[in-house]
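Each of the two complexes below includes subunit A, the first together with subunit B, the second together with subunit C.
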Partner chain A sequence: MARIRLDAVQKRFGATRVLDRVDLDVADGEYIVLLGRSGCGKSTLLRCIAGLEEVSEGRVHIGDRDVTDVSPRDRDVAMVFQSYALYPHMTVARNLAFALEIRSRPRAEIDAAVKDAADLLDIAHLLDRLPAQLSGGQRQRVAMGRAIVRRPAVFLFDEPLSNLDASLRHHMRLELKRLHKRLRGTFVHVTHDQVEAMTLGDRMVLLDGGVVQQVGSPRDVYETPANLFVAKFIGSPQMNLWEAQGHGAHTRVQGVDVDVPVPADGKYTLGVRPNDVRIEAGAPMTAKVEIIEALGDEAFVHLLWGEQRVVARVDPRTAYDVGEDVRFTFGRAHRFDTTTGSRLP
Partner chain B sequence: MRAPSVPVQVVVHAALIVFTALTLYPILWVVRMSVSPGQGFQSGLSPIPEHVSGEHFRAVMGTVAADGSWLFAHQLLNSIIVSCATAAVGVALATTAAYALSRFRFPGREAGMDAFLVTQMFPSVVVAVPLYVLLDTCGLLDSTVGLVLVYAATSVPFSTFTLKGFFDTLPRELEEAALLDGASRLQTFVRIILPLARPALAVTFLFSFMTAWNEFVLANTLLSDPRAWTLPVVLQRYVDDYGTQWGNFAAGSILVSIPVVVLFFALQRHFVEGLTAGAVKG
Partner chain C sequence: MSVVVWHAYHGAEERALQDAADQFEKQSGVDVQIVAVPWGGFDSKVETAVPRGNGPDVLITGHANIGKWSKLGVIEALTPIEGLRPFTVEALTYNGKVWGEPLAFKSPVLLYDPAVIKVPPRTTDEMLALAADHTGPGKYGLAYEASTAYYHGAWLHGFGGSVLVDGLAALDSAPSTEALRFVASLAPYLPTRPTADRVGQLYDDGNAAMVISGPWFVADRTRPIAAATLPIVSATGQPARPYLTVEAAMLCPGHDGQALAFAEYLAGPEGAAIRRDEGFQAVAADVPLTNPLLATLAAQAESAVPLPVDPDVQTAFEAENRALRRVLRGAVSPENAAQEAQAYWKSLVKPRPEPASPLPYAIVATFLGLLGAGAAGRAIGSRTAQIRTNATDYLWVLPATIAVFVLVAVPFLVGAGVSLFATWQGDYVFVGLDNFVNILTSRDWPLTSPMSFFYALGVTVAWTMANVALHVTLGVTLALALREPWIRLRPAFRALLVLPWAVPSYITALIWRTMFDAQYGAVNQLLGAQIDWFGSFFAAFAANLTTNTWLGFPFMMVVTLGALQAIPRDLEEAAMIDGAGYFTRFRHVVWPLLAPALLPAVVMGSVWTFNMFIVVRLVSDGEPDGATELLVSQAYKWAFTRGNLYGYASAYAVIIFFVLLAYSRVTARLLARNKP
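For the complex of A and B:
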């Protein structure tokens, strides 16, 4: 198990800068999730930690070692690939044993380690099969087994759940969580799925355009997004955002007086999460119900508020009619600098 | 899917039968000639011999040298050694070259591949004389080693292209996984890549073998001693200015074909498509 430290890591492919001065400190035994859209640099960052990509500038430390110039095979990291990358000509048992065979470990030790990993992941009955004879979920487990069999210092996961269907993904999320608890390893997990990031990570790192946007616990990132990008990216449906003009106790959003908890002077972007929009009788603002999305355990009401749109999370048992006028107010609000996008106090 | 209608099936099968007959007829005709007594050209449309005799096979296989040694055995062995060695050397060189061209970026890579292509554009007659001079200088005329070197050199470019195309289709993640598992480049190549490349290696081996086995122009130019001849040169000697020994020629043709057919069947099981199935998502 080991701590990971990235110091001003940069990665360029030709003239394209994919990672821009990334600093990151992952604690020993921490589960950290790298989150962002496709092409944001999260997989590249993971590959830089693995050593599969050389960093253009900066240093990578794993444990007490500077591994920037160390070959991937000597970094003591294991990786689960998005495509699983199982050796197709080897049985599951040989896939699991490969890393130990390469290191010329004694046969008894290899057999014991393979058995332990197989038991842990419930794949002992698959040991004699070839990868082609496995289902997607089983391949996924074997790929995880291959990573854990030699107990590396760091586990890297590159979108490991993205090829699974929704129910299996949920199941494997729990498995990953259990695995982390059991192995107490340092896990770095790349995903574009915010649910995965929110549920798995002790902390999450949001990346956009190769730049770290925010590092924090899922709760922190959700509660206090560092900038507009994070505010939009985390939360579904995304945060309501409007251009606002504050003047003393009054705040106007495109000509409409709104009631915000902490008013401020000047122009800024006002953000309110759908669950902070409260529909209640006697509230100061009025809007018309446009669309109702009922999801069973929750519901979202899309409101037309003048020329603006507002999404509110509501109790699914409360009935609303399309076209009905409702009164609403805001609970917690966020303010962002309209020009830079950064969070305002 | 709906099965085709009966008339369509009849037409399709009729067409298939016609093309199969067109393909097999010349072969059956050669077989007929090889087992019919006499050296004359067998006229008539029927591929079925009127009389059967093994005299041509005995004549071809029983050829002896002036010193009484079994010449045909020598020549058959020459062909086998030259073809196997050519295929082995060619595949060994092409495999490593193709892997490097597929996976690494280095100065001269593009130019090298273009140069490989250019070498394929010259007919062997063009290079026969320079090769003769070269082998003569090296003292390798009438030698198996000389012929193997020439054949391997000519088969490497094509084999390299074939194998590079295959390596390009192998997912890089497999190598990265092996690297992270602690394997060196060489271990990855030997333990992961080569087993997966078996179908491509089998095809390339067979192609190189067949090219060497059937090659006539260079062999005829570079070999003058009958004990050094390969089988295509032997066959050609049944055709001379004063007449053609059709019976022996046909029997020799069949004997020459047998090893290639055997090799094809032996390697057939390796021509398995989709060996990489299950490597990645799917």
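For the complex of A and C:
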């Protein structure tokens, strides 16, 4: 019904290529997150799905229809804007009802739909106010209410949480998740925040320079990043990466022999997440503690390993001294082609 | 010491004057300064400068103003030299005295294209027959400014009439009516509503076989042109007798001792010869005039009638002009036009008003003045501390306050004061609120007459509403169009569309006036029609409206472009996704957000439009017969073209002020309510 399919979608603004042959298949009822840095094309991709931008090449399908040349109003999509885009001269009730009113739905149906949406989002007491009289969080809810009142097949969210403060953002993240469960619509959510992507998405799409870098579940993307870009982008602190030279069972990083779980021949980029750096007595490699970052329920130590740096996630209860020598080893490691950046087996 | 001379000559006449002055300097050793003053501003400059001692020693101008100027003391009488043509001295005689040394005489004559007309007509019947022969599509047998009383004088006198008889207009006399009937018979061969420029253009293009005009017309021509005296009026056997203007050197009070010597030299045989041979003037000195044009002028002068010097003639001319326009347009029969003109003249020339006692007014004014002073005193008193602490700030606004006081408050108070007086033959008579009562009760005209205040008010309100509606519609539409992504060369369009605003508005108005010309105008050519744009109210109103819309839409467009920038694109996109089409988006999202920003512009624009003098004055000039006059141009006409009724005109201005004051109070309230 509301599956979204993008076939080789390209978007150019003049000579600038913003989206380069994007293929994507979103299942009905799926929550998919488009993730990337600002300027990576994620918002443009969302706007192409909405119909606010025309694609330069390729096709866009929603449900069983090719909507490439269909205007936004006939695509059966709803969108929540980063700025919320509430009509400032209309009350909350009219903001919610607007889409139904211009479709000339019966008054009773409109009122019922507005009431349902308002109850669902807990904004029934705000219906008579103007947007200027609402707090940021309340506006956010109204914007979401405006999207759901129509019961569209596809919901599009353009950085919906980025204008909220941290605690509210966390709260709204959960609300979004609940909303998705209740409405069972297809959600497409754009964000630059990997936490949002990891927590909300059934699957996520990583974009860089208008090119899809990886599509997969948050787990997949985290565990098996498809390339160096994804490896660097997902995970905090960032994955440790070094130039490595393998020779049979021996692997050397800058003249130091290292112990990797699965050795390989030739030059490559070795990646180990801070989680997978284990500090243990009697481990094969030695490094000096440079900085300790304690975050309460977790801690990271930054190690100087020759001329290289290593970040390791450690038990916050274990005490380390700056300058102290520690021994460490790697758990799981990733290998990437140094020139192309793509993942090696 | 030097003799300062003001004149309005140009071209050969100016050069000849300078040469004569140089000769005089050489012979007498007296320094002469020749100063050219633009013809359009000559009279008013003289009337303001001379009484204040800023005038020249000698004025060179036509004799028509000697009546007024001798009364005002702008010029002095003198004894003319010998050897002048008697009729030139006669023209300069007023109240038994001669008011200048006659220099040259001018009058309209019959000018014709020698390539087309072999023998000039001797009678009006011959002239009509010739005109008929040479009239065809785009071609006119005869071209002259037929709707002006000045040119009409030739026929009026030829039929034995006169515009003033014993100081009273005789516009409905039998000869006047006959002369109007004769002009009506000329109408088929004449271009509609021609201006001097248009007549010249017609002749230069070979589209006018005969022209009635003076030596000034000949000087500007590029093609050969021949001159003859005007024909004999067939109906009476009398010659057509055009108005004669005698140009003279007049002396201003307090002139240099050598000024008279210079004036006499200019008028005398030596100066006359220079002016005749180099300036092609028909000189007043009795020297031979052999040049064919000058000879014709001399012959014509024998039958010509000196332009009356009575100040009232202007009012009679205004009434006569109106009759001529109506007859030529075919709006009314010559008989009715003559009677209307006489009635119109009577309404313009009011009997000497009964002076009112200034006492009650003085009491009220004193009372109000005291009240105002008291209020001001109290306001200042209660704020002394605040004024003292902010003394520097008050100092900063002081220059602007003084400027506003001098440039706005003082003229307003003087104007308001003048509105309590009636002007009668140059005198001011205190009449209190009589002007206001007269205007507001429409005492002199029926309510439906274009001369009534309420008619003009109705026209002005309709004009304002129509204009503002068009400006906003066009401005908003264009601003929206300029935002569309498919528009290429956007900056170029934006610049082009602001252009009408950037061009001085009087130039634009003159261009539109030309484009609405019935024969040559671009508008009629585009429409493929022959609409006489200034012949009916709706056409003239539409012409004015078009011009002012052209002038007014860029402002609204620029304001809209600015206001649109303040409307986030998101809102429209949200509406787009919500299912709104272009017009729904405009109606429900863009317009509600645009309207509050446009309201101040609309208020301002409507005040400008309400007082839009330039367009009405330069495009329709109130045609037909004052029907498209606005309040502000009515006030102007009363002050400057209908017998200088300054008090009456000031009363108009004061009423306009109060109308706009009331409007601004209402809109201020509207604006305040609009504030979030």
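One rule holds for everything that comes next: the second predicted complex is superposed on the first by the 344 of 345 C-alpha atoms of A that agree within 3 Å, B and C clash if a C-alpha of one lies under 4 Å from a C-alpha of the other, contacts with A are read in each partner's own complex, and residues count from 1 in each chain.
Heads up, the rule we're going with is that a residue touches a chain if its C-beta (ideal position, glycine included) is under 8 Å from a C-beta of that chain, and two chains touch if they have at least 3 such contacts.
Just so it is clear, the structure is predicted and the values come from calculations on it, not from any experiment.
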Clash or fit: subunit B and subunit C on subunit A?
-> clash
Given the touch rule stated above, what does A:Gln133 touch, subunit B (first), subunit C (second), both, or neither?
-> first
State whether A:Arg103 touches subunit B only (first), subunit C only (second), both chains, or neither.
-> both
Tell me which partner A:Gly210 touches in the superposition: subunit B (first), subunit C (second), both or neither.
-> neither
First (subunit B), second (subunit C), both or neither: which does A:Asn163 touch?
-> first
Touching A:Leu52, do we find subunit B (first), subunit C (second), both, or neither?
-> both
Which partner reaches more residues of subunit A, subunit B or subunit C?
-> B
Identify the partner contact of A:Ala78: answer first if only subunit B is touched, second if only subunit C is, both if each is, neither if none is.
-> both
Partner chain(s) touched by A:Gly271 [first = subunit B, second = subunit C, both, neither] | neither
So which bit of subunit C gets in the way of subunit B here: 116-124, 188-196 or 548-556?
-> 548-556
Where on subunit A do the contacts with subunit B and the contacts with subunit C coincide?
-> 50, 52, 71-73, 77-79, 81, 83, 85-89, 98-99, 102-103, 132, 146, 150
Report the residues of subunit B in contact with subunit A in the complex, numbered from low to high.
-> 171, 173-174, 176-184, 187, 191-192, 195-196, 274-281
Using the touch definition up top, name the residues of subunit A that touch subunit C in the complex.
-> 50-52, 71-73, 77-79, 81, 83, 85-89, 98-99, 102-103, 132, 146, 150
For subunit C, which residues count as touching subunit A in their complex?
-> 568, 570-571, 573-581, 584, 588-589, 592-593, 676
Note which residues of subunit A are touching subunit B in the complex, please.
-> 50, 52, 71-73, 77-79, 81-89, 98-99, 102-103, 130-134, 136, 139, 146, 150, 163
